[in-house]
Amino acid sequence: MQRIMAEKAKELLQNGTVNRVLGWKKGEFVYDITPAVFNNTEEIDAEFVYDDFCANNLSKYLIKESRKEGKVLVFLKPCDTYSFNQLLKEHRIWRDHVYAVGIPCDGKIDLDCLKKQDIQGIVGIETQNDNFIIHTLYGDHTIAKEDALAERCLNCKSKKHVIYDELIGRDGEVLDSHRFDMVEKIEAMTPDERFAFWRGEFSRCIRCNACRNVCPACSCENCVFDNPKSGIANKAAADSFEENMFHIIRAFHVAGRCTDCGECSRVCPQNIPLHLLNRKFIKDINEFYGTYQAGEDTESRAPLNIYNTEDVEPSIVYKKGGNH
Amino acid sequence: MQKIGVFVCWCGSNIAATVDVSAVSEALSHEPGVVYATNYQYMCSEAGQNTIKDAIKKYGLTGIVICSCSPRMHEATFRKTAAAAGLNPYMVEIANIREQCSWIHKDMATATEKAIILGKAAIAKVHLNAPLTASQSPVVKRALVIGGGIAGIQTALDIADAGFEVDIVEKSPTIGGKMSQLDKTFPTLDCAACILTPKMVDVAQHEKIKIYSYSEVEAVKGFVGNFEVTIRKKARYVNENVCTGCGLCTEKCPQKNVPNEFNLGMDKRRAIYIPFAQAVPKVATIDANYCMKLKTGKCGLCEKICTAGAIDYSQKDQLIEQKYGAIVVATGFNPIKLDNFEEYSYSQSPDVVTSLEFERITNAAGPTSGQLLRPSDGKHPHTIVFVQCVGSRDTSGCGKPYCSKICCMYTAKHAMLTREKYPDTDVYVFYIDVRTPGKNFDEFYRRAAEEYGVHYIKGMVGKVAPKADGKLMVQASDLISNEQLHIDADMVVLATAIEPDKSARPLATMLTASMDTNDFFTEAHPKLRPVESPTAGIFLSGTCQGPKDIPETVSQAGAAAAKVIGLLAKDTLTANPCVAHSDEMMCNGCSSCEKVCPYGAITYVDKEFRMPDRTVAIRRVAVVNEAVCQGCGACTVACPSGAMDLKGFSNSQIMAEVDAICK
Amino acid sequence: MQVNEIKEFRPKIVAFCCNWCSYAGADLAGTNRLNYPSDVKIIRVPCSCRVNPMFILRAFQRGADGVIICGCHPGDCHYTSGNYYARRRMTLLFSMLDYLGIEKERTRVEWVSAAEGAKFAATMNDFVETITKLGENKRLEDLRCKE
Amino acid sequence: MKKLSLANLDAFFAKIADKQALYMPIENKAGQLQFQRWTEGAKLSVGCNTVRSAKDFFFPQTENLVDFKVKGKEIEIIDSRTEKEDFVIFGVRACDVRSFAILDKVFLSNPVDTYYKSRREHGTIISLACTHPEETCFCRTFGIDATQPEGDVASWITEDAVYFQPQSDKGQKLLEKCGALLEEADESPVLRQKQQTKTYLDKLPLATLSTKHFENKDQLEVFNSEKWAELSEACLGCGTCTFVCPTCQCYDIRDFDTGKGIKRFRCWDSCMYSDFTKMAGGQPRLTQLERFRQRFMHKLVYFPINNDGEFGCVGCGRCLKKCPISMNIVKVMKTLEGEEK
Amino acid sequence: MDNKEKQKERILRVSGVNVLKCMKCGKCSGTCPSYDEMDYHPHQFVYMVEKGEIEPLLKSKSIYKCLSCFACVERCPRGVEPAKIVEAIRLEVIRKQGENHLKPNQIPQLLDEDLPQQAIVSAFRKYSK
């Protein structure tokens, strides 16, 4: 796949369709991939990579890249196309400056899955059928691919590319995903358990803002948490309240806009399952106002920007669940 | 730092009996920024107001807090007081210590404590108040009425009579609308033409009214007081100013086979035509779809015979730009298409007609010259079945969920007139409910049943089938006698549901006026502002807002005119200064705010900015039209970046109040 | 000794009322001398759709024990649609707070018209009672503001 | 050298925790290591390094400096510092221990940061030698020996015992208190372990990384390198690298109005943030390139120039693991050196 | 809940019809081709179920006279679906009897070539529960 993509990129560079390519660049180790812009075929030959570690969603970079001269080629995995579409809908990307190439994705590896299995000192990884052979300083390990996949990939919502100029490989389908299972599990807890669960998670937050800065929906020119005039700006949570507030407000601001790309949870250095907040909103929206997938199209009104006179009342929250 | 004055009102004993007013003014005098605090028996009295004015001048106050009755009562009073003393009226905040404190609490300590907190909240807010100036925008003293039916005619006449210029845009060649097609009107049975045509003439002759017939609205820009409208005047290939309306061409035109829409296709007209004798303007129009000259270049007969020389085959559509202060929508209705109701055999038998077609059949100027004759064979029908609620009150998806409101009455009219003119005719009316709320309406319906012997049957027609002998088999239920009826009818008349004209939806988009799911225009308030659209400067007249009969339409038309006159009488519009505004440097251009704005007050522009990193960038940013914004604040919450804020109720002001209350 | 020092718990309640219906309803409650606890303090907003989730969290941070939002009945909004948006926003926000284990009873939305002074008073009485039973807001408090 | 049988480890911890707080790496809910307070039953984790560094103990993320109370026109100033108790940190790795020396240079030089100083005085560090370095480790680049960590007490955990080596008076005193559990021991197991660890260290992918390129370097030459644009291109501007870094020491001071008074507190700040050192006139570094460059210039150039050649990095590898886009100091060093693979 | 109520509940559940949607226009009966064969007519089914008067319907011959042509379902302006009520009543009877009104194997003898497909399907629907 990497070879086909590199060829495609070079072809489009050479025939002048695009003048830059947004893709992934090799790192020091096997897994430390960095998003990068390639300006010529030499750079692509030298450093372009696409493999099981190319997890970054490149669509957010297009806010910046599409405003530059010329056209940029971007490689988009199925889930990235949703983010791309959503950004288009919000007029954040200049569409005619982008050449979007859809690429297939079999799920990406979450390094923490390996670390959790006490695999450390990784110096090389090989793929063998459905397994990975991991070479470490302290010996080799074989691990099933499935056990190394990121949560968001195990619960992949769609293999379909909702937008592209060109597609490499065949398009997939929207999947019947189990992504709300964990949300349901939390909903089934008692309020005390839920509170303890989220306190346990949020208390680890170091407010590094990685979740916010990587999020394609969090593309504000100036975030309310950075804006002293907003009244809620803060740099670090000085009290547990501020930990809660940051995550509640952030989730609320992306509600109805979050495509559930899962980047927030991927980048969290403290492994806080932030996607469970976004998925809660998605699940509620689906239940209260009808199924809605952000990024699926560019026309429909976001659920919070529309209403129905027959909408449920907020009191439904008291009736639901019944856990006291 | 503001210099704040606090004025605590006793309201006689209304406040002072439960709230220790001097304790309140004493406590508030220690708040940061407060330089003066006092209390007085009646702050709203002249003496009280003078106290305020004097203090503003003496202490150089930059903001004042009045602890008194509800702001809904005296906010305007105290703002005027402040303005009179040279303080911006929006630097006034009211702490409601009467309705929301002294009147609901009995214990003095509790009430005083709460009054102090409410006062502190008001002080905290006024600290963040900024002087606001209401924006002024000039009003173009001209109104546009879209639609030339009875609603549009009445609105235009009323506005014009008040001395303002009015333009009517009518898409067909003549004004008059549906009412011109009607025969008699319920419940008085006066002839529609007799009461309508004089009004049409009035319109034509009114010096303040200009009719753009055969024209449509192409584009609308601007806002209340200052709309810029593009009107497309369609080519009619006849010079309006020259045509005398003699009608000679309409008799000589060789193309005789054009369905006559005025008679709903029941007879034919020529390719050049005047819709009906009393048309206004009474000028001919060439139907380009049928004219041989325009289609093939051959013929040209009308040009030859026209003594006035009015024919102009080279005419093109004309675009007219005009400015208006107000726009009235009067786009009216149409009966629905009956494609979904095969059971009535409308498309199979010419003897199954809609009520509007029946109007034409009974109209003296109609295809049968007023003779009640069957369309199929021209014979006099002896049994007529009227079916009510055809497509109305239908939630199955085939028709319309609403009641079309006028059908019960016009059906009673049709039944009554038929029986009156042709007593040998059996008339059946199948109904679900007969709805007759209106002056003399029920009496009218009962007269049809009691005096004219119309058979009213509670039940619905399930099937109409043409029979070989030319009759129509009507199968229906009679719910009262619990039997199924089979009637051999000569004619079936369907009381077809009405729906808004198809042009309404694109027009609503142009006007940013909201519509309901049935494409009726929504009112600004269903009870209190029934003739205004939520979009400022757009008014509603007639059935574009919902089904109505003629008297209701006319009264709504008058009401809309009154609203327009009220608007146009002003030289400038003073907007509420508590409007949304967007911090352009923070705006993402995402359109969330635009989507939730009920007034269409937000638009987007691409603008060049010097960014903090010293680069220059073109960014899409929201712009609020202050003349249109009503200050609800929906956009401020929809905006994720917090770029959108509301003057007078800003995020920081409300949070300051929250802080003060929770201290 | 100690027992005497424990003060009776008085909740702090913030009520956001829309200018056109609920604030007028509150005024009517006053005009009719309908009693409700002084723990309720009203903040006037133009419309229920002006209420930002930020305000609600802010109130809890600063020591509020309950927050109630009152607006025109659905369909009666002065601005035609504001309360519909508020309804969606608050439904989702409340559901999220519940999801985080924060007592859902602490937040409420009520539709009170300008004619419903009695309903306003009854609603506030009921809300204060609910919050009093729940006790102090512990889960969404900011300890710095409680010292 | 003292020896403690592994069987007695909990008793040893209990003994220390009896008088003061004891912190050590313990696995948290998310399956990662975190310095947590030891309580009966807690299990020390020796797997790899903690996500957050040990600097938190001396330089916490947020810290109240002072309170103000305003009454009328009077302002009362209240010292709100809380760091009054002794504490012990066990299991600090060689890299993190070295980071304290770097922080000391910043906070203990004039003017002395008394908040930091007081925490340093109250804290006793028991360092722990590494046995299984990770691929991201490169402490050797900065002259750190992972097998012989600094600290008040150095320790080694072998299969059956823990070996302690006091390295300061504080350390000596601490060990004396636990004397009953400890016995004198021979160094040879420790030497054997060191030997073994060294073989791993030699094999690390970053074993040959060198700071030579940056020694006695002309500031402007590095500053003006064209490579910064490409390096910073994908940077999200988040603060992950900064906040997991044991040597980053920038902070912001802010006031919080509680409604009853003002709390002045300081909190970590990151030079990667767009509002870092933002002033009335704006930010001094306008683009992410400049902000990105600042962070690495500081660690690799400015800090050594001002501190006798000592670099502002200890090679712990946390930023390598946690950067959302996998851009880090190693890539920066290699790129600037022109050593691209 | 008394027996009558339970029976009504069951009919509503089995049929899936919301009888409250009926506005009593009678179009179902107006459209019914078997009207004259019936003792209770389609609109009465809806109304009587609403009132909970199921017993007379169970004894009614109408339930076997209904052709299941679904004309009433098709033409009802409110989407009430009277034929589904009739069918539910039929089911109630059949289940009570514990035996089929007709055996499936008897049906082919009753068919002729001109019978429309819909009628055959309806026949199975009606008689072979």
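For reference, chains read A, B, C, D and E in written order, and residue numbers begin at 1 within each chain.
The definition used in the following text is that a contact is a pair of C-beta atoms (placed from the backbone, for glycine too) under 8 Å apart; a residue touches a chain by one contact, two chains touch by 3 or more.
As the structure is a computational prediction, the values presented were derived from the model and not from experiment.
Counted as hops between touching chains, the shortest connection from subunit A to subunit C is 1. Summarising the inter-chain layout, the chain whose CA centre lies farthest from the centre of subunit B is D. With every chain reduced to the mean of its CA atoms, the largest distance from subunit C is reached by E. With each centre defined as the average position of its C-alpha atoms, the distance from subunit D to subunit E rounds to 80 Å. Between the Cα centres of subunit A and subunit D there is a gap of 30 Å. Rounded to whole angstrom, the centroid-to-centroid distance between subunit C and subunit D, based on C-alpha atoms, equals 46 Å.
Multi-chain contact residues of subunit D (touching two or more other chains): 256, 259-260, 263.
For subunit C, the set of residues that touch two or more other chains comprises 53-54, 58, 62-63, 75, 81, 85, 89, 142, 144-145. Annotation for subunit E: no residues touch two or more other chains. Contact annotation for chain pairs lists A-B, A-C, A-D, B-C, B-D, B-E, C-D, with touch applied as defined.
Subunit B meets subunit E in the complex at residues 343, 389, 393-399, 430, 432, 458-463, 475-479, 482, 484.
Residues of subunit A that touch subunit C in their complex: 183, 186-187, 189, 191-199, 224, 230-232, 238-242, 244-245, 248-249, 251-252, 255, 277, 280-281, 284-285, 288-289, 303-305, 307-309, 311-318, 320-321.
Residues of subunit D that touch subunit C in their complex: 256, 258-261, 263.
Interface residues of subunit B, counted against subunit A in their complex, comprise 585-592, 595-596, 604, 617-618, 620, 638, 640-643, 651-652, 655. Listing the residues of subunit A that touch subunit B in their complex gives 67, 90-92, 219-224, 227, 229-231, 253-254, 257, 301-302, 304-306.
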